[in-house]
Structures are given as C-alpha cells and as structure tokens.
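Mind having a look at this structure? Questions to follow.
Chain naming follows the written order as A, B and C, and within any one chain the residues start at number 1.
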Amino acid sequence: MTLRPIALAIAAVACSSAFAQQSTVTVFGILDAGVQRLENGSQARWLQSIDGLRTSRLGFRGTEDLGGGLSASFHLEGALSPDDGNAAGMNWRRRSTVSLASSTLGELRLGRDYTPTFWNYSVFSPFGTNGVGSSGNLIYGFGGKSSTAPTIVRSDNSVGYFLPKGLGGVYGQAMVALGEGAPTGKFHGVRLGFASGPVDVAVAASDTVNNAAGDKFNNFNLGGSYDFGVVKLMGIYSVSMQTTAKQTTTLLGFTMPIGAGELRASWIHADKANSPDDATQLAVGYVYWLSKRTALYTSAAQIKNKAAATFVIPGGAPLSAGQSSTGVEMGVSHSF
Amino acid sequence: MTLRPIALAIAAVACSSAFAQQSTVTVFGILDAGVQRLENGSQARWLQSIDGLRTSRLGFRGTEDLGGGLSASFHLEGALSPDDGNAAGMNWRRRSTVSLASSTLGELRLGRDYTPTFWNYSVFSPFGTNGVGSSGNLIYGFGGKSSTAPTIVRSDNSVGYFLPKGLGGVYGQAMVALGEGAPTGKFHGVRLGFASGPVDVAVAASDTVNNAAGDKFNNFNLGGSYDFGVVKLMGIYSVSMQTTAKQTTTLLGFTMPIGAGELRASWIHADKANSPDDATQLAVGYVYWLSKRTALYTSAAQIKNKAAATFVIPGGAPLSAGQSSTGVEMGVSHSF
Amino acid sequence: MTLRPIALAIAAVACSSAFAQQSTVTVFGILDAGVQRLENGSQARWLQSIDGLRTSRLGFRGTEDLGGGLSASFHLEGALSPDDGNAAGMNWRRRSTVSLASSTLGELRLGRDYTPTFWNYSVFSPFGTNGVGSSGNLIYGFGGKSSTAPTIVRSDNSVGYFLPKGLGGVYGQAMVALGEGAPTGKFHGVRLGFASGPVDVAVAASDTVNNAAGDKFNNFNLGGSYDFGVVKLMGIYSVSMQTTAKQTTTLLGFTMPIGAGELRASWIHADKANSPDDATQLAVGYVYWLSKRTALYTSAAQIKNKAAATFVIPGGAPLSAGQSSTGVEMGVSHSF
C-alpha cells in the first residue's frame, strides 16, 4: 500500500548488499469523505459523510521472516474520522494483533480482531459494510431495529487460528475470546470457506455470552459469490438469535465492471421472527477508479420499514417507527 | 520534512528503474518545549511551556500523481503536548483532509481544516499564534476577554476549494461547513490574497451560525507584509462581530534577520466597541536557528488590560479584571 | 529497530550523492500478548495478558546531527493494549521528549519522561517491571498494598540532564519537574551509576511534593548486577517514605542463558515499617528468542501476603487482606 519499505530496502540492496536485513514497518491508511443527504420520514439533513466506499483508517503493520517457513507479524489499525479529526480520540480498535505463523500449520493470532462471523457480511455484499448501502444497516440490527450486536464485528481478548494457504482453495479460521471474569463477552466462532476460480463460498457461526444470566447471542451466516466476468453475483443468508428473539437477513446483489468503474446493487431483507417489524433495503451505486488507490463514488439507498421496525441509515434525523430512511452520497476514497 | 520517502524512492529509482511507482507517506512533526514564567496581577508561576515557537504536532501526509495534472492527497495532523505526553489523548484535529487537485483548476478538500479567516492571524503576525506573544491572545478573544471564538481557527465537516498556483501571485480559498442538523457550526468563508516579490497581502471574511437562535459570528480580517530585506514589516486588521457585540483588533510588527537568527516584535491592540474593556499586548523575542529544523528561542510579552478587560497569556494563575498578564519563556523547537 | 531510514538513506546516497541530507524518523514498537491464569485467594481467572515480557508500545524517534558534536532529538512513545485496541485512547505518556545533546557536555531533555528513581527497578530486576514477576508488584506499592506511588515511574513537566558517554563507565542523570501551581507533582531526582565489564551498579534518590500540605514522597534505591557469564546476579534495595510511613523492598534475582533462551528468577520482599503487613514474591520464568525481535516466554509468580497486606499481581479477581496472589502466563513478544 504505502512506503513500500520492503521495495525500498530491495532497491537499497540492489545498490549495496550491506543493507540486506532491513526490518520493515508499513504505514498505511485510507481517507474517505464526501457529502451525503439523508432523509428519515420527512426530515432531510445534509452531512459531510465519511467511509462511503471504504472505512477511513490509519495503521502500522509488519512481518518478520523467522526462517523455516515461520514468521512473526503485527497489525495495528484504527479508524479515522476526517470530518472531525477523531474528536473522540485515536485508538487501534479496528485491529491490534500479534501473530506467529507457519506456512504449513497456519497462523496463531492474539489481540483485538474481527470475529469469524463478520467476514461474510463484508466480502459478499456489493457495498461491503460501508456507506448508505452498507449490509450492516440491516444485518447488524436485531429486534426490528438497527444496533450493533456484540461481537458481530470484532472482539477484544481474542485468540484466533487461521488455516494456512495452499489447501486447494479451502480457507478458514476459529476464534475464542476470554470472558476475563466479566459477565459478558466470552466468544466462540468459526468460519470455513472455499474459493476457486469464479466461486467463493463461506459459512460461519459464533456464540457470545451476552448478559449476566449467561444468555448467548448466536450468529450464523452463509455467503457466496460467483464471478461471471460481465457480472459478479453475491448473496448472504444470516441468522441472529438470543433466547426467543431471532432475525433472519437475506442479501442478493451484484457488481458489474463498466469501464474503469463498477456498478453495484443490492437488495437486503430483514425478517424479525414472529413479528411484522421487518425491513427491506435497496441500494445502487457506481465507483470510478482514478487509480488503484483513489476512487470517486456515488451511492443511493432506501430502507423501507414495516410495522414498528426502525432500521435506519445512520447519521440522519431521528426516525420514527415504520418510517423510511433514504440516503444519497458522493465522495472520494484515497488509500496510502 | 522527514523520511523524505519521495527522495528515497527517487534514489531507489536511480539505482533500479523497477521501483518507479513507489507510493509515499511522509511522517512529520514538531516537538517544541521550554520553560516559562507567567505573572498575572501579582501571582507568578513557573511552567514547562510548549509550542513557544511552533505548535508541537505529529502528522502523516502524502500525494498521489494521477496523471494529466491531477493528484489526490491526504493530510493528517494532530497536536502533541510533550509536557504531559498527550494526557487528554491523541487525535488529528489540527487537520484531517483528503483532496483532489488539478494543476489548472485548483484543489477540492474535504474534512476538518483551518478556516480561511484563520490564516492572516498567523502569517502576518511576527509570533504567529504561538507562545507568549501569540496574536491569538487578543485576536481569538471577544467581549473584552480571551476565549476561542468558534471556527476562528478550524472547522469540522468542511468542503474547501483552493485556487491553483500560477495565477500571477493571486491566491485564494473558500470553505463551506455543513451544519449537519446541529444548531451551530454552519460556516461560510473566503480568503483572497496577492503575493509577489516583497509584497504579501490578503483579505478574509466568514460567518458561522453560533447559537440556536441562528445568530451569526462574523469575522473579517486583512493582513499584509512587506519585506525590505533588513526588516519585514507586518500588519493585521481584524473585526469580529455577533449581533451587537464587536471587537476590532490591530497588529503592527516586524521580524529582522540577525545572524543565524531573527528578532521579532509586535504591538497588538484590541478594542471592544462601546466599552472601555480594551487591551494592548507588546511582545519581543529572538529565535536562533541551529539548523533548518531546530531552533532556540526566547520571548517576552505583556498584556495591559483596561477597565474590566481580562485578556491573558494562557497557562498562568487566575487573572482578575483589569490586571496585567506578563510572560517570559525560552525553549527549543525541533521539527522532523 | 525498524524502517532504518538512516540505513536506507545511506544506501540511497551510495547510489546518488544528491541525497546526503535525508532526515530520519524511526517508527518503532512492540506487541506483546499471551494468556494468563491469575488466582487470588481461591478465585481463579483466565485472561488475555499483555506486556508479559516487554511493554507493548508504538513510538516515533529521530536524531538530527547539528555538527560540532551537537545533536537535537525527539522521542514519542505510547503504550499499546493489543487486548482491546487501546479502548482508552492512544497517547504518548510513556515518553514525550525533545533533547539537545553535546557529545562532551551531555543531554538536556524536556517533557514527560521516566524519573531517575525508576530505572534501577527495571534494569536490575530479572523480570524488569513486566509480567506476573514484575518488580513493580511489590516495589510500586506502599502502605502494605500494591499501588503506583506518584512519579515512581514517570513525571510530567520535567527538565532532565544526562551525563555524556565516555566518563570511564560513570553514568548519571538528574531531573526537576515543575509544580506548575498545582498542589502536588513538584519533583527532584538524581541517579548515578557505574558500568564496566561485568559490573553495573547505580544509586538513585528523589522527592515529590505529594499533597496539599506539602508532604514529600521520598524514594531511594540502589541496584546492581554482576555478569558471571553462566549466570547474571542482580539485586535491588529500595526505600519509600512519606511522613511516618515507610516501605523497604529488597530484590535478589538472576538470569541464566540456556541455548537461545534465558532462565529468570527473582525473590522480592516488601517490609512495611512498624507493621506486620509484609509480603514476599517469588518468580521464575523462561524466555526463548526466535530472533532478535521475537520471543516466546512463560513465567510464574506468587505473592504471599502477611497479616493484612494486599500486594497483588494485577488483573485478577479482588484480593482479600492476607491472601496469596498467584499467576502463570505464556505469550509472544514481537518488536519492530
């Protein structure tokens, strides 16, 4: 992405072989900002939006070759909010991990990291979990409303294991997070997938101790994509449960290369069990890549809430039960 | 400033043309610390001072050449407080922006940034807005007292435009910041200047919605400098208004190169309309540059408050109405 | 440690002498995480531990050669908590300093820094001040319980002086921290040592104004090590006092190289004057270095509290007076 100290070191070495053992830190990041119009019910609001295409971030990472196929690595990454300069303070809560990896045995990873059940929501959604068309608008919700269910994205105190590469397209990971004596947060999760040629499919499941009574938040999801070249189809099926509450969410979408850009569209439906509080989100957008690092984008999305559902595109005016939430945005996304 | 990854990349390329497309992040910053004695009324206090010459900061920035005169860039910069190691937490509130620029059409910039009305207060003040002689001690104030008026330095949620270079010395910028549904913060501002040879002059104006009733804080300022070689004269004229309240502030000053250093002096007068609560600040100082990056400096300043005015050099003991505020400092400023 | 921009710059220069004046920023850090079992009284708890071998950190530092033996430098360093991604926010409170140094006269350092009385607790402890066997578990305590006495590790607002190298093995530093009008925090401290061949000894003393009445927290310590090659013996003697309260702490320990690793053990005894609330800590551990940057480690320690003492290995369940505190951990420590 950035600095490419490895490449620089190689260049240096090309000049002088005395500099062969440079260690490396890569400074990387993304700034993504734009302008957004959100309309909840009849109340419209203009905003400076961020993260419409990719989440703004700053990070540091590096890998050390320990020889014999072994390596140690670290990854620090925190969210940026260019609209207010991180008024709430900088942290590294997107990811803070240290790893030991073997090319044949896989990777052991410690720290704060994404849960195995997160990835399908991002990888198999045309809009990922970003912008007005984010799959998270519906999938992160529960009980007929938008909210971030615990560990649906990341977990503190985790010990993770990742399968090595070269298993004929099979990939997978497992994670355990310790409760540390707290009433909530104890987590188990696993993800298994297969990617080969145009096909990519994965299934994931997790449970999290979610209250003092020990009730568990259960999350199961299945995602897949097939790349026909002219169009890439995607789908997600997700179930979230805690005791008697249950939400089933289904996504269908596609991306279609057009010139130096890409058309994106998705349909998502959230079904609250034994309740009419359901919602449907439709989203369409276009991304134009000025370079590998920089893109212009525009997206539009609408959530239609049924009955008393309050799913919402975040950031706008307060939404009353059953109202629609509509958003349009355009922005620039630049990585380094 | 630092790392100079571009230069390194160029050097690398000079060795091997295979490394022509290195992307670049520049890590840059300043640490500026010293010792200060502040006396408000009869109460003196010794302090470890920071930012006496330049504001301590850490930042990351980079530019990507998109071809055809187009470029994308980012700039992240946050304040450092070396006296307590940023006890309040690190952020990027000095500047967090992403830009698209054309060499002929100018730059579009999104994020948290300086307002157009800030720059004259820094550029045309011998002490900038730093240290005991800061122009901000009086100019940031309003209503007969020191305080930071909203958006007098920076604004969240801004969309800015900058004129391209090569307009025969004319430079300028405009900024709009969205209110985002909040009762305050909506901003419009513009700055236009001309620099050629020894002359530099600029004028700026802005308004900010500043309370729930929609009252606007209006700021207008004019600044200029003329470099005679042996001495560089500077001046600022500033007017701040909200409904019936008004403050007019005038600065006259100079910098004079002496050896590897520079003598600095300024006189500032703040006049509160229809009130005797005025104040005058006198400041004198010397900067000695050990290198392009590192300087030793010493400054002294005194604010004389009339009637019930309470303008103050920040950091000292509480100041009663009409008391004088005096400060002396020496320090080291190091950039990277 | 990392990036080695100096070396890169040198390499670049070897290619093209036009790039001789590169300035340098080194990005450096450590991520250290593992798993820990703590047992206080009869309550056991599993945790994701951090900092078992070395404190997790991120930093930026650099030195500018000013010519004639003079240099300017800066050092910014903040703690990382990979278990939760710095949920409390990032800062630079491990160290934030700017320095001017002369090769013959020594170094003047301004900012937040370690106090002179800290170093012996780290350098002459086999476990440093990290992990279940940290010397700090007992030494940082006072009044029969674990707690962090003020300025026992670092101080804000400090002005420090360090002796130059090349004094025949003599090293030393002095520090003053300004009270800045606050009732507490005014600090004076000094450390003097001698290191030559297998011998290293140092003595340090400090006082800190510690309450509004002006009572001082006094700290005196003496540490030493002798490296026999097959084993390195270490010892610390520490006295902490405030008005009539006093704690004397003694450490004896050793490190012993075994293969690519090192066996570590220490015994520490804290004696509260005129009280039976004493405690003893025993610790043993092994570190295996996979490379210069990366290690695996395991440690075990137990604190036995007498009478009503409540010294504790931090992080576990609440400890009642007189209970034992036991900890076992294993982890990975990776620097960059």
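Heads up, the rule we're going with is that a residue touches a chain if its C-beta (ideal position, glycine included) is under 8 Å from a C-beta of that chain, and two chains touch if they have at least 3 such contacts.
In UniProt terms the chains read A, B, C = Porin.
The structure displayed is predicted, hence computed values, not measured ones.
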item: For chain B (Porin) placed onto chain C (Porin), the superposition rotation in degrees, Cα atoms, nearest 5; value: 120
item: Residue-number overlap at the chain A (Porin)/chain C (Porin) interface, same or different (half cut); value: different
item: Interchain centroid distance [CA atoms averaged], chain A (Porin)/chain B (Porin), Å; value: 38
item: Chain A (Porin)-chain C (Porin) separation of Cα centroids, rounded to whole Å; value: 38
item: Multi-chain contact sites of chain C (Porin), meaning residues that touch two or more partners; value: 3, 8, 11-12, 15, 27, 89-90
item: Footprint of chain C (Porin) on chain B (Porin) - complex, ascending; value: 1-4, 7-8, 10-12, 14-15, 27-29, 31-35, 45-48, 58, 80-90, 290-291, 293-294, 316-317, 331-332, 334, 336
item: Complex contact set, residues of chain C (Porin) against chain B (Porin); value: 3, 5, 8-9, 11-13, 15-16, 19, 22-25, 27, 60, 62, 64, 66, 70, 72-74, 76, 78, 89-98, 100, 110-112, 156-159, 177-181
